[in-house]
Amino acid sequence: MKLEVSSELKYRITSPATLILNIHALRSRKQTVLEESLLIEPYVKAEELTSEHGENRLIRLEVLKEEEISISYKAVVDNFYKETDHSNEVQVSVAQLDASVFPYLYPSRYCQSDKLFRFANNKFGRIKSNYLKVLSLTDWIHSHVEYLSGSTNSQTSAYDTVTELAGVCRDFAHLGIALCRALTIPARYFTGYAYKLYPQDFHACFEAYLGNEWVLFDATKLVPLNYLVKIGTGRDAADSAVASLFGNISCEFINVSCKLMEDAFEPFYYDAAQLKGVSYQ
Amino acid sequence: MKLEVSSELKYRITSPATLILNIHALRSRKQTVLEESLLIEPYVKAEELTSEHGENRLIRLEVLKEEEISISYKAVVDNFYKETDHSNEVQVSVAQLDASVFPYLYPSRYCQSDKLFRFANNKFGRIKSNYLKVLSLTDWIHSHVEYLSGSTNSQTSAYDTVTELAGVCRDFAHLGIALCRALTIPARYFTGYAYKLYPQDFHACFEAYLGNEWVLFDATKLVPLNYLVKIGTGRDAADSAVASLFGNISCEFINVSCKLMEDAFEPFYYDAAQLKGVSYQ
Amino acid sequence: MKLEVSSELKYRITSPATLILNIHALRSRKQTVLEESLLIEPYVKAEELTSEHGENRLIRLEVLKEEEISISYKAVVDNFYKETDHSNEVQVSVAQLDASVFPYLYPSRYCQSDKLFRFANNKFGRIKSNYLKVLSLTDWIHSHVEYLSGSTNSQTSAYDTVTELAGVCRDFAHLGIALCRALTIPARYFTGYAYKLYPQDFHACFEAYLGNEWVLFDATKLVPLNYLVKIGTGRDAADSAVASLFGNISCEFINVSCKLMEDAFEPFYYDAAQLKGVSYQ
Amino acid sequence: MKLEVSSELKYRITSPATLILNIHALRSRKQTVLEESLLIEPYVKAEELTSEHGENRLIRLEVLKEEEISISYKAVVDNFYKETDHSNEVQVSVAQLDASVFPYLYPSRYCQSDKLFRFANNKFGRIKSNYLKVLSLTDWIHSHVEYLSGSTNSQTSAYDTVTELAGVCRDFAHLGIALCRALTIPARYFTGYAYKLYPQDFHACFEAYLGNEWVLFDATKLVPLNYLVKIGTGRDAADSAVASLFGNISCEFINVSCKLMEDAFEPFYYDAAQLKGVSYQ
């Protein structure tokens, strides 16, 4: 399905600084970028970097003098998400796991799975299927954590959210990831543009590794997961921040949009009876 | 220089379990493994895995029934560490950094550099050279943190250590890494066998990325850094644990040794006047 | 009912030090101390202090030279605990609360009720009666937190326990207190000798302020609450530690006993159907 | 010296609620309240409470319906602060301390002195005089912690501030208290109106117990300590909050003033050479 996405960001820079932006639609087998433009005003050289694993397309800007710069990104993207079927899911144990997913099994800055081991296993350990474990913990987060803008900050982690029970999409994702890892299910952070997200903003959710596929879950339940435009993935928001800022920089403005360019709209929602999922891998 | 290392580990397993061990000497341009043996009793198939970046040689064991297993590793290694010179060090800024080192710039589970930003910059921000910044923070840790066996556990992080001021080599390394990253210097965790470490054990220290090289630092100052046998590197101990255990497993015994197989012994110690370092990259 | 209690403690002192011990049976309207002896070897002057609110009988010892001292306390106590009835409980709101109980409404070192506000209110806020709220949260702790010796230390707080879900009596009490306060029910820490506690040790539980009475609850459910010998109360273990040590002191030995000196044994256990409680006030 | 203070607060209440305000000038031997008025609009019965230790004058308001209420307090106060002399200070040890000050020796919600023991003793333990210890730690806080409005919130504690190194007067006070207690010097939180504080607001600092007197210190160094109007003291901000709110209440407006009603102005500033202090006890 075709989606048009855009983001506008404005930064005020008061000393020589470097910005690493993570706002480009990922180019992958499951996502074709049909058109794309990046406008920076005033002009600054923008270097596109690919992170080691090819899971983010980073833009690095170096600003040498005090100024205000505007970044405007637009893209038309074709999304070939895959519907996954977990009715006969093979339960891949650590003994069979590919070493490339190990990093997503270990605790990270915002997902202290080591501290949530007992919590996760008490609550979800008895469920047999990994798919149903993840579905169940996603539901638990959805029903226990309140979506509350401004209730958290950039230091808030899953360990906080599991007790304080309020947060934004980033916090919902971190808690989902931490609980998966505590259950020995690899999980990673997913950022993207989301259709039907109000108010419009960058979105965050998470992928769990089930039967050799990365399957998308979203404890906020705010958007249909098959209408996303993937920006990238990482261990948590430390890897996949929209912007990493080095120097005296303040963000003055963010505007994001995601529009569907087709008439048909067939939203996919998770349902324990159907054992299906959405994957962008 | 030639070193002989060995480690013996004994685990009691009470239900089907998987162990991922990280005890092999790394094979790299700077380190040749001349002889090597791994003995597991009773016999269990051991699968050698290489992590994505080739920075650890992992051994995966799957144990299907209740038993006690002994792992015995021995190797003779030739260490070609490099002496680095920082007298004309180019200060590589984020604007020039290779994207492959970005992961070592961001906060991780045990190295919450985001929370130490002000602390690190107040204390070390005014020092011009990155080499001297790292040397200085290493000295600060050495003189302020007490080496105290048993004072910390597997959940202890740099954020704790900076206040509680006691810990073991792992904690010293985590704090060093966190402070480097807070100063926008990429840093990573290093584990290895160490000559002259008493009591003998696996050792941990850290590497800072200075002028396109990974240079070794050790705030414990317990061993000469040019007589190490590198096991591997990672973001922090979450990536580079000696053992990652999945299932009901308890460690019953660990014995480690590291012997020099030559007569000459020329220990390298850091010295602010000399601007030199040790690298195993 | 008559109980005989004793405690023996041995401390090694390596520099001039002060010990404040909190091991004496409280003298109150609900508890008569019939016989009592305190033996200190070698002899050190022991000063009995009463804390401001009369809720602890403290013994202060000053040791001026290096030595090992043994403290041996014995008492025979008559316990006149009161059975409280909550079937017609008046729900005392903050607007009617006596100012003397305010300190027990606010967060303290180990009971960060401010951080558990949402958690407590989501789980127990809809229950109408304060008695049933406390009974319900006590049951929740009992069924979710594992009693595990050695799993926590003197820095562990309710905020840790609510997620890590393991601890000892002190941790169960702190979590109970924190949840009460988060529900605007004053609560305080209670220490004492407990009959039928195995292994024998000092015990900790908590009191909630219900309808103008301090009513005892114990999430460990290890002992009958009507066979306790009260030592004292405080905001949390910071106020009511068995021993507060100033100087270089290490505890070498603790032995505690509590025996019933009567034949009849009618244990009181909480039961949601009966709406009754136990109070030592 | 005569000072005129006032505070205006406006709260929006959206369900039956109770407010406990702590804005009245304390009546004590060292402070005479010459004139005083409290206006509440619309009229709500205000009950004056005295906390157990007589260290705060609390006002309790019960609001039964949805409304916006304005509280306006004014007072003219005569301040008889005492200048204390520490040139021959007796170093009172725990062995001589009055039991009434014990609560101020133990860790509390925002002052986790137990976690700062090593930090405090490493930095200040070698200083002989308690007065100079407190002066020195006050200077350390002043030079290391940045006064930064909005950098902290109501959950921020001394354990955070010692690392994050930014905060407001409340955070400076909590860190001062925690460091004192870690050095076995009783310390407590002090709130009041402060002359020459810009922007005008309620102020917080702390008292250390030196030679049987409570002596005032202020790591913010924003105001002369002899021109304060004391509101009250407590273990930390949990005890002495300006307002404790129970129910759905939001603060809409705060305005505070403190004016000197005399011509003479002789500010007292601490000076290590003079060994003098200010006390309101």
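Read from first to last, the chains carry the letters A, B, C and D; within each, the first residue is number 1.
In this text, a residue touches a chain if its C-beta (ideal position, glycine included) is under 8 Å from a C-beta of that chain, and two chains touch if they have at least 3 such contacts.
Small disclaimer: the values here were computed from a predicted structure and weren't measured.
Separation of chain A from chain D in touch steps, taking the shortest path, is 2.
Although chain A and chain C carry the same sequence, what matters here is overlap: shared residue numbers make up over half of all numbers found at their interface.
Superposition angle, chain A onto chain B, using Cα atoms only: 180 degrees, a multiple of 5 between 0 and 180. Work out the mean CA point of chain A and of chain B, and you get 30 Å between them. Averaging Cα coordinates per chain places chain B and chain D 46 Å apart.
With centres set at the average Cα position, the gap from chain B to chain C is 45 Å.
Residue positions of chain A with contacts to 2 or more other chains are 115.
Here, these are the chain pairs in contact: A-B, A-C, B-D, C-D. Those residues of chain D lying in contact with chain B across their complex are 115-116, 118-119, 122, 144, 146, 159, 162-166.
On the side of chain A, the complex with chain B involves touching residues 18, 20, 49-53, 58, 60, 62, 93-95, 99-100, 102-103, 106-109, 112, 114-115, 154-155, 184, 238-239, 244, 246.
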